[in-house]
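Chain IDs A, B, C and D follow the sequence of writing; residue 1 opens each chain.
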Amino acid sequence: MLKFLFTVIRRDVLLAARRRGDWLTAQFFFVMVVSMFPLGIGPEPSMLRTIGPGVVWVAALLASLLSLDRLFADDYRDGTLEQMLMSPSPIALLTLGKAIAHWIINGIPLLLIAPLLGIQFNLPAEALWMLVLSLAIGTPILSLLGSIGAALTLGLRGGGALVTLLIMPLYVPALIFGAGAVEGVLSGTGSEAHLSLLGAFLMMSLLLAPWVSAMALKVSVE
Amino acid sequence: MLSANGLACERGERLLFRNLGFELGRGEALLVVGGNGRGKTSLLRILCGLSAPAAGVVRWRGDPLGKAHEQYGREMAYLGHANGIKDDLTPMENLRIAAALNGRELDAGTATAALERVGLSRCMDFPARVLSFGQRRRVALAGLMTAGALLWILDEPLTGLDVEGVAMVERMIRDHVVAGGLAIMTTHQPLVLDGLTPKTLSVGE
Amino acid sequence: MNLYHYASPSTFYPLAGKLIPWFAALAFILTVVGLYIGFFVAPTDFQQGEGYRIIFIHVPAAWMSMFIYVVMAFWSAIGLAWNTRLSFVMARALAPTGAMFTFVALWTGALWGKPMWGAWWVWDARLTSELILLFLYVGVMALQAAIDDPRRADRAGALLNLVGVINVPIIYFSVTWWNTLHQGSSVSLTRAPSMAQTMLWGMLIMALAAWMYTIAVALSRARTLVLERERQTEWVRAQLEGQP
Amino acid sequence: MIWESWQAFWAMGGYGLYVWGSFGMTLLCIAAEVGLLRRHRLQVWRRLKRMKSWDTQ
């Protein structure tokens, strides 16, 4: 069981390592989106500090969505997805492994880049830590919920835009709790409540999302 | 061992076939025949458990496929239109990862032997991207051999292969069935299995 | 006679055809009564003046937008569990009407907000949740429209619908939480300061009218869907002899 | 009667734009939905009839 999970993760990470170009695109997308905001809004430091957490979080949502539509699509095209669906292990483990791999490939780099972007937005050190922490709890949610969207839109025309349309509203709680936690540090109202709610949302996604995307995969492959 | 009863399949609103059934035991092969668009591939996908039939049931060792998922996954191997190999991995990595996903350990020696048998000894370390279509098909066939499955389900196994490749596949299937395995296949090309007559099942009108 | 009898498209089609005029008539009568109460019986509100009369449309629309989403999820769940094609058809037939009511709730909310808050749009918890609900409706409809195979479209839409319905309370909670943190309390749209008995009655009757309207429209849309999907069958061919 | 005149009724105590804007848009939406529904139904009906006549030929 666990072995299967690890194999799926290792396989996806290996494949991503062989295609570094695709992987870098998503990371640079994240950096660029965030950097566009000061240009559009103006360099006023206190203003930037107010919008900083929200901007970084929204950019993280967009960056994860950008890479999501390929989560199953590549494997679907070359037939390896079918082969994996026919393996003896439960399909929910496959979708869980895929989501974890997506997080390792796309989520963890975001965590590492985020503090640098936070500095651009004039965030103080405690807020930077909180930004990384909230992204650490929040980005797995993005991968898990996103895997549902990727499974539902498998092989459809305009899959990428469609995934965004389906999944973005579901991301709202993660965005509110995540950006709110950083906000709490800035305003001095504390972040524990936000973080625990974010954690609860993560637990729920972890329990439900793999099953739902497994069902969605079955529907889409049929 | 494998039995199908009253299978029906719909695509869109079109009924492709209905009331299809057969029994297949050890050491038997089944050739599915029918023209284009009659539902051969759809039937094979139902038999693999990839899609659910509109009516009817498929049983493996007496259990419906839904219940036998784990065992069936171990004992069945499917080769579809797509080869099911990753272009970014070498043939060797492809075989070993596929085996690991099926819950088996595949050592380098066995994988090398299988790749040599399908005539790929020279391209073992290249990513599959640089291989020709026929060579990639051969990688998939090597995967089939190393899968150690009892039941083979092959959708057009001969496409893209040269004369020598076709002979190799015919030999593979024959050896597998003679050794007590089961095989279900579709093909548009004549298939010669020395001293072995497959059952036939015709799909559609 | 059992439930499966009614679940068969060939029974559903004529039955729905007979029921639609009744529901439509009920909707019409209830609307007339509700509007009469709303405009001629309900007194002027001492705080909000005549402007509050928007609640007779805003509140029922907001209720319907949420109810319909839940009812869709109910049909989706039945469809996925028992593989009944008619349930998927019902879920699909409800979606556009639900989206329409969500839009109406947003529009009337904006028109109410302008005189009360001095702005067309305020990031009030209810309006924001309503906006996200509209996105959820759009998502389900876009997904179903993008899939050609009706079987897959039904199932995919149903799954998304179920995920959405689990998420709606969480979204609502998070938005309320976000709202209280950021701007404190504001005038709540749905709590009219002094809810007179007649206002409540007017609202309830309008809500009932909206229900009847929804049933009539959804049944009618379901009939068209059934007709399209069952076009190969004998009974549809027989139906086509008659009038639309 | 709580309204002194029809004019007072349409004015809605100065809130006429908002109240009638709301009710008007609702009416428009309902009319549009019913209209589209009817049109779609007739289209489907005509298409199916045409398909049937092809089949019988």
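Definition applied: a contact is a pair of C-beta atoms (placed from the backbone, for glycine too) under 8 Å apart; a residue touches a chain by one contact, two chains touch by 3 or more.
Just so it is clear, the model here is predicted, and its values are computed rather than measured.
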{"item": "Chain at the geometric heart of the assembly (C-alpha centres)", "value": "A"}
{"item": "Distance-maximising chain from subunit B - centres being C-alpha averages", "value": "D"}
{"item": "Euclidean distance of C-alpha centroids - subunit A vs subunit B, Å", "value": "36"}
{"item": "Distance from subunit C to subunit A - Cα centre to Cα centre, in angstrom", "value": "32"}
{"item": "Computed distance of Cα centres, subunit D from subunit B, in Å", "value": "57"}
{"item": "Rounded Å distance, subunit B centre to subunit C centre (Cα mean)", "value": "49"}
{"item": "For subunit A, residues that touch 2 or more chains besides their own", "value": "222"}
{"item": "Where subunit C touches two or more other chains at once, by residue number", "value": "151, 231"}
{"item": "Sites on subunit A touched by subunit B in the complex", "value": "3-4, 7-8, 11, 14-15, 18-19, 77-80, 82-90, 221-222"}
{"item": "Complex interface listing, subunit D residues touching subunit C", "value": "1-3, 9, 12-15, 17-19, 21-23, 25-26, 29-30, 33-34, 37, 40-42, 44-45, 48-49, 51-52"}
{"item": "Residues of subunit C touching subunit A in the complex", "value": "80, 132, 135-136, 138-139, 142-143, 146-147, 151-152, 155-156, 159-160, 162-164, 166-167, 170-171, 173-175, 177-178, 181"}
{"item": "Subunit C-facing residues of subunit A, complex", "value": "148, 152-153, 156-158, 162, 165-170, 172-173, 176-177, 180, 183, 189, 197, 201, 204, 208, 212, 215-216, 219-220, 222"}
{"item": "In the complex, subunit C residues that touch subunit D", "value": "39-41, 43-44, 49-51, 53-54, 57-58, 61, 96-97, 100, 103-104, 107-108, 111-112, 114-115, 213, 217, 220-221, 223-224, 227-228, 231, 236-237, 240, 244"}
